[in-house]
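Chain IDs A, B, C and D follow the sequence of writing; residue 1 opens each chain.
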Amino acid sequence: MINLRNDYSEICDPSILDALKRYAYEPNDGYGNDSHSIKAANIIKERLCDKDCDVHFLINGTGTNKTVLAHILLPYQAVIACRSGHVSVHETGAIESTGHKVLTCEGVDGKVTVSEIEAIVKEHNNEHMVMPKAVYISDATEIGTIYTLDELKSLHEACQRLGLYLYMDGARLGVALTCRQNDIKWRDLTRYLDVFCIGGTKNGALMGEAVVICNESLKHDFRYSIKANGSMYAKGFVAGIEFTELFTHGRYTRLASHANAMADILRQAFIENGIPVAYQSVTNQLFPVFCHADIEKLKKDIIFEEMGPSDHDHETVRFVTSWATKKSDMDKCAAVLKDIMQGK
Amino acid sequence: MINLRNDYSEICDPSILDALKRYAYEPNDGYGNDSHSIKAANIIKERLCDKDCDVHFLINGTGTNKTVLAHILLPYQAVIACRSGHVSVHETGAIESTGHKVLTCEGVDGKVTVSEIEAIVKEHNNEHMVMPKAVYISDATEIGTIYTLDELKSLHEACQRLGLYLYMDGARLGVALTCRQNDIKWRDLTRYLDVFCIGGTKNGALMGEAVVICNESLKHDFRYSIKANGSMYAKGFVAGIEFTELFTHGRYTRLASHANAMADILRQAFIENGIPVAYQSVTNQLFPVFCHADIEKLKKDIIFEEMGPSDHDHETVRFVTSWATKKSDMDKCAAVLKDIMQGK
Amino acid sequence: MINLRNDYSEICDPSILDALKRYAYEPNDGYGNDSHSIKAANIIKERLCDKDCDVHFLINGTGTNKTVLAHILLPYQAVIACRSGHVSVHETGAIESTGHKVLTCEGVDGKVTVSEIEAIVKEHNNEHMVMPKAVYISDATEIGTIYTLDELKSLHEACQRLGLYLYMDGARLGVALTCRQNDIKWRDLTRYLDVFCIGGTKNGALMGEAVVICNESLKHDFRYSIKANGSMYAKGFVAGIEFTELFTHGRYTRLASHANAMADILRQAFIENGIPVAYQSVTNQLFPVFCHADIEKLKKDIIFEEMGPSDHDHETVRFVTSWATKKSDMDKCAAVLKDIMQGK
Amino acid sequence: MINLRNDYSEICDPSILDALKRYAYEPNDGYGNDSHSIKAANIIKERLCDKDCDVHFLINGTGTNKTVLAHILLPYQAVIACRSGHVSVHETGAIESTGHKVLTCEGVDGKVTVSEIEAIVKEHNNEHMVMPKAVYISDATEIGTIYTLDELKSLHEACQRLGLYLYMDGARLGVALTCRQNDIKWRDLTRYLDVFCIGGTKNGALMGEAVVICNESLKHDFRYSIKANGSMYAKGFVAGIEFTELFTHGRYTRLASHANAMADILRQAFIENGIPVAYQSVTNQLFPVFCHADIEKLKKDIIFEEMGPSDHDHETVRFVTSWATKKSDMDKCAAVLKDIMQGK
């Protein structure tokens, strides 16, 4: 079977396990106060060309979104997010569980627009409604699209003007920054965002996300928020070793590029075989549309998620490639698609 | 330097890294719905001699306490805990952050007593005060003591009588169950507790805790609570592989026994050298008391935590042994103690 | 000036002040444990033809919604509500502040439909999303419409089938039950709802809402929830005296009927003068649409709220009548509308 | 029967009902944006000799404590309070329900001491524990004692030095400021406190508390916190009228002085009859100690609360006088006490 279920199906890049083994018995301070964590933070700051940001390592994705938003919002403040945003739907109310409303907008291509932000801020103009104070975006988005540098700049400018923090969930930042259509550079991130995270889990790490705080006023006491939200590693050095490994010799971007390249093979197969897609993804998540019968055929060879009906006869499915996807599997997958579309 | 700072200073038992490496590229379902997690849960149920309990794997200790208590308490209900209990002090208000008061009692030897529980329940008898609904105990306790089977039975009986859930934080369950003075067996746990956890992080795992729910009425929808509290692994199979490894061939208890054996060497050294201890620990955390000058000397050879003054001239320190502690280090440590106490 | 701003602009029906004065020096037990509160609860139960429901008096509307939903939902559960529902927009995130997501649907005429509920329940089918557990409806709705008995029965049946609680915010229950188009009777309420409230504040009371719990499983410990949510009267007897007064000699419905009758005069004026309305309200809130110039003219004689543009040239405004509205004012208002629409 | 149960047993000073009746039909803006509320705020500012503080009117006591603390604390911050403090025990976890731990200290005579604050701040020195950020005091305290000006200044100085906010719960501020032993003046309050409230409910108002924010940095957006916490009046003008009435012609202090004078009669009777007291109250709450048999006799004539055993044979009870207590009742009460103590 070819696995296209998601990009966190496999343990991690073996280099990380090698590194962990190398340090298996080395005693370290706990809770991220260790030399590996400090080193990893410094390497990341260097990559971002920004010595002044703060870098913290948190255990997982939901914990990261929850911790960051709980940290930056006052009790009566809310975050604006796309309806398809991870915090809007897929976190079992983790944001609300910290007391904050998620104000949703429709978005365009899975992306929040400036005019939507302006409309929400305009509507929420008194104390009988929550006060919008942050904008949540994800890059790549939940449907595989990415923000352009111009879009990022416009969001930044709008947030500055409206007194909002701009937070980017970078659970899939690797595939966003390394895809062909991208024009955002690492060094743009700390300039245009107040906070963001660099995803490990979906980019070949064992687990963990790096949170980068750029806005000076948000830096204070973040470790209290990490701990209170249950997002702190006891063995912080595990994350330190991981992220050092990932950000040395360009491994992080190499793993992401591989995922994108594998997705390109599928994208090409869609075009060649006239398979429509539900969203114009440019990264490692693909959303082809098939008739029900073809989906049953696909299941014989491929593991994937079904996303629900696109019309009466058709359904959207999700194919996800990753750092671990093999080219031979993608070639097989292309052949399967060809056979199915040719009615074999 | 000899490291006695804590029992989560080293990455993990190498056998776990070997197992992770063995499965590095194996595709698995996410979020704990994988065969490794199911297998690990079954092995643990077998160890507990209880097929009916539910076993879940959560990311870390604070997250575990927070998730369990948020799951079992209604908004106006509170948990009773020892003043020295981990949830009372050392979790940055994580329990309160889910809306619940921690009702503290003094405890005896770091353990909650039946009469304290009774007194708190008696006091909190109307709707102007929180309603006590759970009792938090830890075994081993935060000061290294353990519950006897009789104490556990009495707490169980009291909780049943008073309508309280009994939750045991087993972050250090390994050293509790394997220490010489212990008379609680694995199979007693599901009989006398409503919920408990089996700690991985402090017993040689990379990270993670196994939560065991015994009370039928508390089992429903626990995965919702795990997710909402940010305590769910995306790569649940990592925990599955870990706990399978730990609970195969008695590794979990072997690692714990080692930690206890290493502590015994120190305990013996305390006796031989007339070093008083602040608490009668029987497990891997030791609390010797030294004068200030001796503490300065200790720092040259040993890494440890200072716990504050015991009287004007003396201070309590904490020595913690672990699965990773080397016997040669303990012998050296004993020698250092001897030298210092003989005024060398 | 004619006041049409809202239905809580005036202190209260003078009979309530008379009753309060009558008992000014009478000593009473606090917190609702007094004879007046018990009497008021009994009168309400009689009115509802249901001896088995529980009746509690809470201080205000937002507190009531917050307390009820915090009481009936588990931490990972959510409430379904119309986008225009009071809990969705106008409570500054009070529901989210207790940890719960409000799942919004579009609604039809300000009312939640069965098919919307079904769609939301169908979508939220696993632990990565919140679990819908309650439906919030308001009668009259925020746009002046009301539920029919058939609609209420259908919602009840759907909620039973889907395992949801049905909660009705009756902040404006008086005008709903007494308007001409209504076919729901008091005795239907406890049959088809799990919880509801009977609004005092907007129906001539000084302040306060009566919460009625019909579902046996939701009754326990509600007073703990009232207190913890800050919604408990110290002087509960004030509410007891108020609601006794309101539910004696049909005063509650008489005050509501008056508000509806006053609204009818305006509705008639809209028809006679060809003034369109944004929503087909049948109760005491009216939403006429005017061009900008006419709105400026209206402001000379009438106090009202502006609801935002309906198209480029027109705006919707809100006229609210109440128990305190004078017929002479409504006649004047009709004359003003006539003059304006005739271009005078 | 003589009522000594509490100081919120009677509706309110009749002058307030008269004022409410005077304005019964006057239309007003909602939510505290009315002329009465503005006037009341100004009168209070004048009384405080401070034009710069902000004054808000909230519905009730628990709501006030909850709203203020939720407003001034960040999620990981905690409030220090006396074990006997209202927020520590008697609010059903309302503070914890907003996510904050209450750090309790023993106190002396029901009052928090500087050295206790210093010890708590010293202990809580890293991110594994909550961060103390506010101190809660009540004046008069829950056991009837009061702070001296020197104590208040010392607390202020300590809080400034340690970076803590000082919040005073003035639910019984009236009896504190008007009792013979008091040397704090109204104008001292805004100088030495960051926030405080002036209690209405327990000093003759129908309901409601005035919150005064003195610290500039805490003023912003407080109305959002009031609303989100369910503590906002729809009919804010009711509070406006009440507090205008109370703070005109010295009525607030006159009502409080009366309560104190009534308590003095009882205090004198305790001395004359050799009745010991549990706490050295100087205000309107008294805590005499009786043997069980005498308590049974007292119950024939007096309504009061029992506070639990003081030793094997004796019990502490609570006698509370109020604005509504009649002198003739106190004389009768003194006679009853005399008879009982003389064994009649």
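Everything below uses one rule, namely that a residue touches a chain if its C-beta (ideal position, glycine included) is under 8 Å from a C-beta of that chain, and two chains touch if they have at least 3 such contacts.
Everything quoted here is computed from the prediction, not taken from an experiment.
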Option in C-D, A-C or A-D whose residue-number contact pairs overlap A-B by over half: C-D
Most remote chain, CA-based centroid, reference being chain D: A
Distance from chain D to chain C - Cα centre to Cα centre, in angstrom: 34
For chain B paired with chain C, centre-to-centre distance based on mean C-alpha positions, whole Å: 51
Where chain B and chain D are represented by their mean Cα positions, the distance between them in whole Å: 42
Shared-contact residues (touching 2 or more other chains) in chain D: 75-76, 91-93, 97-99, 127-128, 130, 224, 227-228
Chain D partner contacts - residues on chain C that touch it in the complex: 3, 5-6, 8-12, 14, 17, 20-21, 23-30, 59-63, 66-67, 91-94, 97-98, 201-202, 206-207, 224, 227-235, 237-238, 241, 303, 324
Touch list for chain B against partner chain C, complex: 31, 70-71, 74-76, 98-99, 127-128, 130-131, 221, 223-228
List of chain B residues in touch with chain D within their complex: 75-76, 78, 89-93, 96-102, 127-130
